[in-house]
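Okay, here's the structure, questions in a sec.
Going by the order they are written in, the chains are A, B, C and D; count residues from 1 in each one.
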């Protein structure tokens, strides 16, 4: 269990990290919401702050006075049990509170939290604080991917900074690691923090399979494109194929052809030519599935992935799995508003495993279950192939 | 393996059965498509016929002449690899071919098929014939549920006939049958027909659980309604809750209050008062999940269902499970157009197990996997509760 | 004023005419509603019947018993003040009442009406009867155009019968008839029937103009197509251009290219090659406007059309005018439910003048004002050019 | 004709005025686009600047170098003939160019324009310059109304400043001014600037009518509400009624009930109680029409308005008329890209006459024709009653 000192440091560091991610932004970049899945950066900054105010300061800080009585309404997200909320599609319509006001709000809440942790703390509150910290870390990843979407879809293609968001796979032959049939333990049981959806630890039987030692590369993806992958309906799920046709999809997100007709893509450090040795990124589950079909292979399940995770390199890209996002046997939703955290999304989403270059330090674990809808591509997603033996 | 004589009988019986289901209809009832999921009965009659023409008569009958060259276009459904098709939402706009022409088409194809089976048969074609027969049996169930929707949503509430589509659960206390942890075999391996998605047989580890010996009743559902089940967001998935609010859902499909403010429902034999001892029916997965949450229980997975199936009564209602519709380990999609049969739907659907009073004789099996989207309610769906031990 | 005998004959003839139009239909053709603007023929037959029951039999026939108490709900259209109604997009979902039941309903109402007119008539009811008759004549035109849409959009292109719905313009040079500036009387004042929207007669000042002696031909339209008319945004209204792009419009409705790449179109007598000397038909207002722009001419206003009507041939096609559908000075909406007849549509529609080959005998007048939304094309619409002098 | 000195002054003053309107904004307020009709203030500032660069600097300034080659793409609005453009619904997704960059763009273009006018001017360019200036004045009005929408729909209801956007009608009895029948001259013919749509001057015959000497008040509107105006379908156009029901409309835009259940509204100076003596504002054409129906009166046509304009007070609110926005007889669209200015919108819009407190000085004229779609309410719209005599 973490000491209070450790918790305080982790809290303060996390709060500082969010602001650091936004440091290269201009004020205008904080405001827009180009698609419903991408929230304005200023909303992320406010929402993560509201969490601490709502679930810790308001109930526990002596005589706490909220920074602004309307902010609970503006910055609540999906917690239906905690009052009215701004609908998700409205976030990008709100010019106020201003960015400066939100930074003041952050400062106010951070200071009161530090005071609460330092001088009035009750260790019974640890779980909520840990969720709050990890909740903010989760939004740090969204901050970066949302910023990439905001800048990368602007016709001026502005540069964010010298961050490397292309990951090379050098000197690596693709090989399949064979895993024996048997009962495997899946899920989290250690003492340290995890989300409710990673528990309880339980047993899963796996038939024998093999899993690739590396991600699929851009070079392989270009072969898929050149072989007509985006125009062969037989490779796709019905709804994937409808998505391709309706949206005119013919390459991963952020890809375009430059003046010399070479495949290029927008990166946070500016647009550049595709590196064929880098991992393919910004693909939907539909695309990952179709690619695997084209290879006459398949995606691993999340259980196969977890059972093999110590034998594969991971951590640069979220990896689509074949698994649907469902509760583990004996899963218990936490009581109260925090019970809405994960369970209410357990339908019609796919599990992604691993983590990405945008994931906050110490946030992911081998048992971590990320989840998105099948067509979404703005996260740093990729795929790893598998096969039954 | 079936003899040719058996196959012929099964074929002829199946063809006759489809027409028998439509016997009480007026010509107009064959034509309409009130929602995208409900196809016009005349389309079902034509589509199941086209299947035999496309996959058996056209390739194998000596000098076969198609009944009408445009019918392949009109009656193809989702087989992207076999030419253009009428989009699903257009089926209800087509007044022609007329019902009589479709019956002539059926007769023509049935006779040629009987001739093919009797005099020119090659047992290598058995699998396609069996799929064709089972495909038609599947559409027989859809025929009845689509007819119920067409008549039940008409303000005149016309009677279909003296069919009993309400299933009593008499003298049955709800009890939970306990199942031990262990490795269970799931899937089909017998010689007789099954669909690709039931294969291959494989091993699944189940943690200990208990499963109810009967379905939930209308009486229990009325308690759920009266306890505010449809207005408590915490019981629902986020997307289920959105569905409730957007569509103003407050009871199962076909339910309404009569002049005395008693819960009633449309039945194929005419509208009547709800019987509280009958199994609740025509509910979506979202509703099934919310009900289980309200009971502080859960739905079984499809594996738990199959492992327990010999110990429970089933067969009157399709039972929503918690499982997403996914391929079994080592699942192989058949080659060619028939490969589109099941695999292409394996995303964002839920599995239902069992069968219903509308299921054709000898069509379902304990390993049978039905699947629908979470909000759909026009099938004879119900739920059975389960819990982890 | 019409005698009772004349009214009775006109009533009986009108009732018979509607049924004659439907005589070539198969039962299935009566049922479908492929787009919201096209109603099922059986609905037209029921709705025109309901009008007489609602506004004459129910209030005035001694001890009248309605044929079926639910029909007022099923066949009401837009009369908000007379109870609930089936929303327009639901009409095509209703298989019942059956076609035969609707013919029985017609017979019942026709007989009671004939009895009412013959034996219990009060001449104060003449205006309502006349509206009812003209209302049915109006629906006769819709019946034919809706039938054309239903059959013409079916992939089998079924033939309706030996009706000539292509109108040749033979031996006619296009000439412009000059009309002098001055005050013209517009609107209806004669004793015979007219709609409220044609009244009152009033004065309009017209600047000098010229109007074409004939409609635009298919030949001229093909020149427009070949000159890129459908791809030159500058010829179109902004919303017309959006309509072109969204719907992929590149020719009038029902046009297609045959195997020899010749422009052809569906006619009620079957598909055939375009006759370049026939009047172009089935065009939207947007197309009419763009064509006139391309010719550096314009459409006439409805006032210019009416002032010149005695000098031009008209009657085969409804002619789009530049006028919006608005009330005449001193226009009075009739009291009660019949007040909803015309006035409530006087926004965002364009006026068409003349009449078409589908217009019922004795239905149109030189002062008649037809009106449709700018994108609609399923009526027998055409255009006549004009210019300011 | 204006001297070059006058033109230069008018230009410089207009450029300064736009920036003055934005002076109270925070950077974030410049960025958002809450509905498609409301553009981000920064877009208005850029778009009006682009106009001068595109139509004057680029063709005529010696060796002109554009400020940024992508801006023509970002800031073009509806000129289809001048290259690609950002679709209107995307404007609010663009965080860049930043507000500061746009001010620099403005400064660059303003200085080059001043140089062009002062030292290189050719009076043949006067018409384009005048259009550019009036185009910017038009956007000044939109700037203010869009800012009101952005702030007034924010849950924090931020204050813009001490501007009075409520207009009292004091000591004025409503009286109807009678106008005699006769031929009136409508449209513009003076030497000074006007838009193409106000020309040519022409003759219109008006039947005798009367027009109110003042606008309808909030007090009268509250009577309309209290008398059930928003729930009586018979007062409304069909599409107006659909709009009311679909959007849950029950009062003018910006109205809400305060804690004491008194009608209040958002003003640029902050929310306050409704003043019953002020002119009703922020109503749609549908509402104006329904109100007039309720009074058993009507709206004036734009011709009636213009013929009476010297006898009535106007200038504080745009007044909906019954007229559709259509070309005058002999209307000529200007050549080239500027020809897209007005003509392409002449379908399905209503004319508003007068001007509002947000209209730039010297922008409106008695012949000025403003136009909006029937449901729009974010302009300072109101209504004046009329009747036929």
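The rule is simple: a residue touches a chain if its C-beta (ideal position, glycine included) is under 8 Å from a C-beta of that chain, and two chains touch if they have at least 3 such contacts.
Quantities reported herein were computed from a predicted structural model and do not represent experimental measurements.
Participant: Give me the set of chains touching chain A intersected with the set touching chain B.
Facilitator: The common neighbours do not exist; no chain touches both.
Participant: Distance-wise, how many Å sit between the C-alpha centres of chain A and chain D, to the nearest whole number?
Facilitator: Result: the chain centres lie 44 Å from each other.
Participant: Using mean C-alpha positions as chain centres, tell me how far chain C is from chain D in Å, no decimals.
Facilitator: 36
Participant: Compute the distance, rounded to whole Å, between the mean C-alpha positions of chain A and chain C.
Facilitator: Chain centroid spacing, chain A to chain C, equals 57 Å.
Participant: Show the residues in chain A shared as contacts by 2 or more other chains, in ascending order.
Facilitator: none
Participant: Between which chains does touch occur?
Facilitator: A-B, A-D, B-C, C-D
Participant: Which of the residues in chain B come into contact with chain A in the complex?
Facilitator: It is residues 78, 80-81, 181, 183, 202-207, 209, 233-234, 236-241, 285-286, 289, 298, 322-324, 326-327, 329-330, 339-340, 344-348, 350, 374, 388 of chain B that touch chain A.
Participant: Which residues, counting only chain D, touch chain A once they are in their complex?
Facilitator: Counting only chain D, the residues touching chain A are 26-34, 42, 70, 73-74, 86, 90, 92-99, 150-151, 153-156, 158.
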